[in-house]
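Two complexes come next, and they have one chain in common, chain A, joined by chain B in the first and chain C in the second.
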Partner chain A sequence: MPLASIDGRSVHVDDEGFLTEYDEWDEDLAKVLASQIGVDMTDDHWKAIRFLRSDFKEHGETATIRRVDVVGGISTKDLFRLFPKKPAKKMAYIAGLPKPRGCV
Partner chain B sequence: MNRLLILGGGTSGTIAANRLRRRLDPGSWAITVVDETDTHLYQPGQLFIPFGIYRPRDIVKPRRRYIPPGVDLVLGEIDHVDADAGKVVLRDASELPYDYLIVATGTAPRPDQTPGMTDGAWRTSVHEFYTLEGASALADKLADWEGGRMVVQIVDMPIKCPVAPLEFTFLADAFFTERGMRDRVEMVFVTPLEGAFTKPIASKHLGAMLEERKVALESDFVIERVDPDARTLVSFDEREVPFDLLVTIPLNMGAEYLKRSGLGDELNYVPVDRQTLLSKAHDNVFAIGDASDIPTSKAGSVAHFSTELFEDNFVNHVQGRPMTRFFDGHANCFIESGNGKGLLIDFNYETEPLPGKYPLPGLGPFTLLRESEANHWGKMMFRWVYWNLLLPGKEMPLEPLMSMAGKEVGEA
Partner chain C sequence: MSTDIAPAPVPKFDDDEETGRKLAIICSKGNLDMAYPGLVLANAALGEGVEVHLFFTFWGFDMITKKRMGNLKFTVLGNTATHMPQGVGGIPGMTTMATAMMKKQIAGVGVPDVPEFLEQIVASGGHLWACRMSADMMHLEKDDLYDAVEGIINASEFIEKTEGAQLLFI
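And then the complex of A and B:
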């Protein structure tokens, strides 16, 4: 996996820039990742990102939009408002997690 | 006496019942299968019903015929599983205690989960083909449809047989062309994915096939609701797709009793170890076929390959030995493309569908990710294979684990 320098830090990323190492992420880095894709982090954004982080730690998979809605308690409508157009991808990017697998 | 209870007598439940009956001593193991009906449906055949290629009677047989001697079949609706007490309770309040439980109740379309979908236009201008009733209603509709804007739409992944929506689209294109009305039909394929299919190389090939057939692709479309009066699909990012005839693939979910029993995830699928299919929560519960949450296709081929490995794992597990046959997510799907041709794809958890030959490297007879007549005949002959070899759990000349032999790497 290639190394990228984000905000002066060296982190492992995939071809599309998603972080590949769970432990290389912290909330300061998330703010930088968010600003790169035009997202200004508010409490509502953090609630979603923190759910993704803890859910991944427990289950080893990036939560889908449906899972964030049903288990995380943030409606899909809100997710589209917070992370416009591509919420699943944008949330994973900011949370430093793999892109949710398009299930086969 | 050990009691093994199998919930669901569909593809994987029936294969498991047949294989395990041969492996477990009848003197010390009682096996019971529970299902709601005595009708076994050959599900791949439903794709052909809307076009009049198959009729409903061609794809149903009595379930009981495929349950082997020495296995009880109980017909009833499951109310819930009490996993701590080791029993299943049916709607009529009867109880079935078990020592080991295999969940094999699959996945089903849930049009009720999308607002507006089942209001007003259901089965008139809004159709589906994942149930026998729905496929038959769509056949009636297509028989005298005058043309217009046909939208084929996937609500969310995962779905049972993820290639079926594309196959339906290809077959519809051929159907309208044959009837001399293709110029009166505008076709649109709407998907929540970024492209025509889930994996990049297959998505490129299949996307090009949509283009050749002049089918427009509307991607990244996460549906919020159907407006049955305006005949429009509305997405969460406020895009609108109008239709005259909608063929939807509704949200797929596992059985509701799994939710009531606390055994399912947000889509009622049972979380299992992806290599052994053992429940993550209970050491005497497995989930096989479409009912589990393993990240591969919900498809008959997966049910077949994984259940073959599962048989050894189950026998080892109940005898206190480690499970040694690790499933790799192997899936293998024929894709009908119309005009007597088809494609074949073969893949697993790690390897995406690639071009090549299958099952014999260089020889085939089937071609991977490219159209051929042999692939079409493979698909049509599969119905016989299903009833006569697959369900009874007979040995087939196909390896349960995926092989890279015959696949072309880097030539996609």
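And then the complex of A and C:
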């Protein structure tokens, strides 16, 4: 799916609704994406999302839970608390990135 | 901004409905290479919001025994998938070398060693159980096992705990 609207903005998304263009994302949009999946953004949430953004920019891949833990410094336990049940996918969605491709 | 563009779909993360999906994994092997399938799948299932129970039995006990869990080995012997002459596997020091190589490859793809992987699984909400019969056979107590193991239980108790679960035997 190419163009779609989120909160009155035209953006590119895939079939599931994940943003496909890195530069179409900003933090205002992230707030809307988060609220759409029932996540109420706090400072801790932002820390994870900002890590995902910068890590993707540097490496071209969405960080897995393990990478957010080991490199980003946010524990796995906290990630499951902040983004319940499916942290990796929820973080990727809010950060406007593809789902992680790594297994671990 | 245009009004004729359709609203973007919102991914379904299935938060609202209690799917009740459960996965039970029986780990019965103590080789380094056979420890990973269970751990990788448990970790993946937890990341999908699935309740996961791992049951360690027989040689799989090595994965949760404090003294051995960090020192699992990989051998060429009996493993034709290495495509090496079997005689080579019997050379002294070969298992040590093959183990070191595999550990390096696993670390190379960013996957943790066994103790750290178990730690991650527990932090993700996974449950670890030890087999009563194996513990009795090997004369091991709860103190000999990785701290996060929730208990030493018998096979019936594990079957009870994993009612309705999908099951993997490794």
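Rule of thumb we're sticking to: the second predicted complex is superposed on the first by the 100 of 104 C-alpha atoms of A that agree within 3 Å, B and C clash if a C-alpha of one lies under 4 Å from a C-alpha of the other, contacts with A are read in each partner's own complex, and residues count from 1 in each chain.
In the analysis below, a contact is a pair of C-beta atoms (placed from the backbone, for glycine too) under 8 Å apart; a residue touches a chain by one contact, two chains touch by 3 or more.
It should be emphasised that the depicted structure is a prediction, and the values quoted were computed from it without experimental measurement.
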First, second, both or neither for A:66, with chain B first and chain C second: both
Which superposed partner A:37 touches (first chain B, second chain C, both, neither): second
First (chain B), second (chain C), both or neither touched by A:76: both
Contacts of A:93 with chain B and chain C, given as first, second, both or neither: second
Which superposed partner A:6 touches (first chain B, second chain C, both, neither): second
First (chain B), second (chain C), both or neither touched by A:101: first
Which superposed partner A:15 touches (first chain B, second chain C, both, neither): second
Touching partner for A:84 - first (chain B), second (chain C), both, neither: both
Greater residue coverage of chain A in the superposed arrangement, chain B or chain C: C
Residues of chain A at both interfaces, chain B in one complex, chain C in the other: 65-67, 76-77, 80, 84-86, 102-104
Chain A residues within the chain C interface of the complex: 1, 3-6, 8-11, 13, 15-18, 36-38, 64-67, 69, 75-77, 80, 84-90, 93, 102-104
List of chain C residues in touch with chain A within their complex: 1-2, 5-11, 13-15, 40, 43-44, 47-49, 109-112, 117, 120, 123-125
Residue ranges of chain B in contact with chain A within the complex: 156-158, 162, 193-194, 198-199, 220, 222, 224, 236-237, 265-267, 271, 295-297, 331, 347
In the complex with chain B, residue positions of chain A that touch it: 59, 61, 65-67, 70-71, 76-77, 79-80, 84-86, 101-104
